[in-house]
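Same chain, two partners: subunit A is paired with subunit B first, then with subunit C.
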Partner chain A sequence: MTNERERRQSNDIILAVEDVTLSFGGVRAITGVSFDIRKGEIRAIIGPNGAGKTSMLNVINGFYFPEEGRITFRGQTRQRMRPHVAASQGIARTFQNVALFKGMTTLDNIMVGRTLKMHKGLFWQIWRHGPALAEEVEHRKVAEEIIDFLEIQHIRKTPVGRLPYGLQKRVELGRALAMEPDLLLLDEPMAGMNLEEKEDMSRFIVDVNNQYGTTIALIEHDIGVVMDLSDRIVVLEYGRKIADGKPEVVKSDQRVIDAYLGVAH
Partner chain B sequence: MDVLYKVLVDPFLQMGGAPDLFVQTLWEGFVVGTLYALIALGFVLIFKASGVFNFAQGIMVVFAALTLVGLYEKGVPAYAALLLAIGAMFLIALGTERLVLRPLVNQPDIILFMATFGLTYVLIGLGELIFGGSPKVMIADQLLLPKGDITFQAFGGIVQLQKIDIAAAVIASLMIAALAVFFQKTRIGRALRAVADSHKAALSVGISLNQIWVIVWFTAGVVALVTGIMWGARSEVSFALQIIALKALPVLILGGFTSIPGAIVGGLIIGLGEKLGEFYWGGLVGGGIESWLAYMIALIFLLFRPQGLFGERIIERI
Partner chain C sequence: MLYREAGQYKTGYTADMAVFPIAQDRAGIAIILAAVVLLPIVANDFMLQAVMIPFLVFALAAIGLNLLTGYTGLLSLGTGGFMGVGAYACYKLTTFFPEVNIVIWILVSGLFAAGVGVIFGLPSLRIKGFYLMVATLASQFFLQWCFNRVQWLYNYNASGAIEVPERYLFGWALTGARATPTVRYYVVLTIVVALTWIASNLVHGRIGRSWMAVRDMDIAAELMGIRLLPTKLLAFAVSSFYCGVAGALMVFLWYATGAEYNVFDINQSFYILSMIIIGGLGSVLGAFFGAALIYILPIALGFAVPALLAPFGLHIGADTLEHVRLIIIGALIIFFLIVEPHGLARLWQIGKHKLRMWPFPY
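And then the complex of A and B:
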């Protein structure tokens, strides 16, 4: 499986983060962090709680503006970005504490993910006729494909607020996939899941990467999962990068071991 | 016993005894109800998208109607004035988004609510500055709205329908239906509901909050204009008109702050309840109950369904 992925992977860099610094008031969340993500790879960001992992994702998709540093996505360099622009350029994400549209059904949630792909004018939409209807049908097909892919047919019409946590996470992944992103950011996709759910989610992540060639950056605390899934790993601690490389390398890095196990000073 | 008879039996005997009067009252209740629904709709749209109870909705009704009539008085042809009034509502939407909502994003709801108070006074001042404070007559004729009435023999008596009321009911119904379909079934409608549910998630799928806010405030502005025309044609265009916004409150409580069908059904229940209550039960306490009956009806509903008839069920996993 890893070989298959390596074959498709290129050395093209889809996203480069350079010297990014972010602080809230006087608190430094990220200090001078640089790393890159290659096209087609699964890149993990790990680190103890409060290391700045989620902040980093928020910088990448434009929720936070870094004070210093640059981000280059598909050759375009910028310092700050607005979330909906990031989305329109092909960055999708999920959230640590699931941010779904709770009152809406699974299907509607996924259809919202298609928003940027739909272009027919307001005039047709109002009458729900002609081109707008054709467009709606076409996008509905895509949404159904995603539902099949994630095996959530049975909850298609259920308001997502009623679903158990594991399924909500899956719907959230579906909504992100509906955007057909080039870069998918997953913030702890397996948090709070049992073993079986984790295995399912791992399988989906690998399948997304294989079938659609989507580049994935994920934050995850389950080290076993991270080592299995990812091609390369960045390790953050107190907002600084302490290691970066292939799983085997990171696993044996002394600073990483210290950060995770604690060290006697 | 006598009181019970007067409350529980006598009104219904009267209804049966004079069906023409009953139908007339129902009709009036229906017309007012559709207008209440329209006003409530303006609130619901904005509440759904920005989580703000827009205190300025009432003054938006006045301002829209005032712009229309004021421009006409300054010599602009009626339909051009209508288009310009729509344009003015768009500018208000744009201005509100830029100057009020955007700087206050992520602030607590109460801050935004207070900001709409500010907006109210800005609009009052602006309206008086440009068009003066004296009451004006709605240009119903010039807008080709029908006048006069239709009278027909039915139900053993005479039923009289004002043509302007028929027009109001038809236009309000069409507008409500179009908005309901628009917000339930289209991309922008879905985006709007998405924004209502979670700003963070909506942003992450590429929905621009700013754009949605402008669309929603503009839509609410157009709804305000239609309300202003219809209500203005029934009375006059003055700043006192903003009081009708208070009528929307019981409708919203009844229907739920987030539901378009709720606004419709709520509006009709309040409209019908008010007219029937006043006509058949008002006499028992010397009349004049119309102004507060709506709140009583809303209060009773509130006891049984705190989220309103069609309010979103509060789903929370613990």
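And then the complex of A and C:
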């Protein structure tokens, strides 16, 4: 499996983060962190609680503006960006605390992920029948493919607010996939899941990476999962990068062992 | 066993995406449409003038507010003001250009309301919830003040009110003292049915999903590529369009002779808001339920309660009845806010679901 992935992976860099510094008031969340993500890889970002992992994702997709540093995505360098621009350039994400549209069904949540690919404006939406409906059907097919892929057919028409947590996480992944992103940011997609759910989710992540060639940045606390899934790992501690490299290398790094692997969970 | 989707196989996503996927629902809608079209044959003028026309007008305004508050999650107390913009715009337009048909001006006046709605919707980018509600309250008071003080708006009439001129449609008097309730009813019905159909189309497509996404989780919506300000402003525009048309209909086809500025005061805003709370936030159908309950129920009570008490020799005064009405409506609002925020529309859905399963409990 890993070999297969290595074959498809290139050395093209899809995202480069350089010297990014971010603080909230007086609190430094990230200090001078640099790393890159190669096209087609699964890149894990790990570190103890409060290390700045979520903040890093927020910088990458434009929720936070870093005081210093640059982000280069697909050759374009920038310091600040609006989230909807990041979305239109091909960055999708899931949230640490599920951020679904609670009052809407699974299907509608996933359909919202298609918004940027739908172009029929108010005039056509008013009549619905005709071009708007044709577009709707076309995107519904994509949504149904995702629903089949994630095995959530039975909850298609259920409002997501009523779903158990594990399924919500899965729907959130579906919504992000619906955007057909080039870079998918996953913030603790397996938090709070039981073993079986974790295995399912791991399988989905690997399949997304393999089948669609989607580049993935993965934040995860379960070290076993991280070592299994990822091609390379960045380790953060107190907002600084303390290690970066292949799983075997990171695993044996003394600073990582001290900072992270040593502490019990 | 009658209300089932069994045997109705969906042949494709188009069929599954239909607004009424179940044949019995479509039949129900057809029956209701036929009934309201044939109603003037059996109904007297009171039924049309005092029950049906106002009911339809309020339902339209409630749909408008529901698009903004129920679907997009932006609480507004400016409904009365936006309705007033429609009414005054229509008045100015038809007195400036009397030769253009009044029905066209009624619809165009909705566009004026939409424009005003967008302007007052601008703060919604920065403020939410309670604070936005206060901002819409300010717009309500500002507009109300304009209707009262800007004499140009009512053509400097000594009465200070809109005086509805006589206008015709295909030779029939449509506004003014000579217009019959039947003619006015059919025009109101046509406009309300058409706009209901459009609202239902909008909420079932991309635009409706964007509104609900902004309502449920705005940061995630932004991440899906939905731009917050244009989406919210579109909600304000479409919502105010509906309210504006409802306001114009109210003055020209319901009152039919004239209206004072205080028709569009803050009470009107609360009145419509109570309709969508009871009928169901985020439901087009709920707007009709709400309008029926808030507007028609009290009228029905006005007839039923004295009739029920009469055999016992009891009499109930008009003002006592009014108090009873307020108590009932207040209790209903509290009940729905606490027990069922999705209102009658949700109860209706649950009922249908039960019926689908009947006689099996699961």
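To be clear about the criterion, the second predicted complex is superposed on the first by the 260 of 265 C-alpha atoms of A that agree within 3 Å, B and C clash if a C-alpha of one lies under 4 Å from a C-alpha of the other, contacts with A are read in each partner's own complex, and residues count from 1 in each chain.
To be clear about the criterion, a contact is a pair of C-beta atoms (placed from the backbone, for glycine too) under 8 Å apart; a residue touches a chain by one contact, two chains touch by 3 or more.
What you are looking at is a predicted structure, and each value in this text was computed from that prediction instead of being measured.
A.B. asks: Once the two structures are overlaid on subunit A, check if subunit B and subunit C clash or fit side by side.
C.D. replies: Taken together on subunit A, subunit C would clash with subunit B, as the superposition shows.
A.B. asks: Is A:102 contacted by the first partner subunit B, the second partner subunit C, both or neither?
C.D. replies: both
A.B. asks: Under the stated touch criterion, which partner chain does A:162 make contact with: subunit B (first), subunit C (second), both, or neither?
C.D. replies: After superposing on A, A:162 lies in contact with subunit B but is clear of subunit C.
A.B. asks: Touching A:115, do we find subunit B (first), subunit C (second), both, or neither?
C.D. replies: Once the two structures are laid over each other on A, A:115 reaches both partners.
A.B. asks: Could you say whether A:87 touches subunit B, subunit C, both of them, or neither, answering first, second, both or neither?
C.D. replies: both
A.B. asks: Looking at the overlay, what does A:144 touch: subunit B (first), subunit C (second), both, or neither?
C.D. replies: second
A.B. asks: First (subunit B), second (subunit C), both or neither: which does A:63 touch?
C.D. replies: In the superposition, A:63 contacts both subunit B and subunit C.
A.B. asks: On subunit A, what residues does subunit B touch that subunit C touches as well?
C.D. replies: Looking at subunit A, the two contact sets intersect at 61, 63, 82-84, 87-88, 92-93, 95, 99-104, 108, 111-113, 115-116, 118, 120, 122, 125-126, 128, 132, 136, 175, 179.
A.B. asks: Write out the stretch or stretches of subunit A touching subunit B in their complex.
C.D. replies: Checking each residue of subunit A against subunit B gives 61, 63, 82-84, 87-88, 92-93, 95, 99-104, 108, 111-116, 118, 120, 122, 125-126, 128, 132, 136, 159, 161-162, 164-165, 175-176, 178-179.
A.B. asks: Applying the document's contact rule, which stretches of subunit A touch subunit C when the two form their complex?
C.D. replies: On the subunit A side, the touching residues are 61, 63, 82-84, 86-88, 92-93, 95, 99-104, 108, 111-113, 115-116, 118, 120, 122, 125-128, 132-133, 135-137, 140-141, 144, 175, 179.
A.B. asks: Would you tell me which residues of subunit C are touching subunit A in their complex?
C.D. replies: Going by the criterion above, the answer is residues 12-14, 17, 198, 201-202, 204-207, 209-210, 212-213, 215-217, 219-227, 234, 282.
A.B. asks: Can you tell me which positions in subunit B touch subunit A when the two form their complex?
C.D. replies: 178, 181-182, 185-188, 190-191, 193-194, 196-198, 200-209, 312, 315-317
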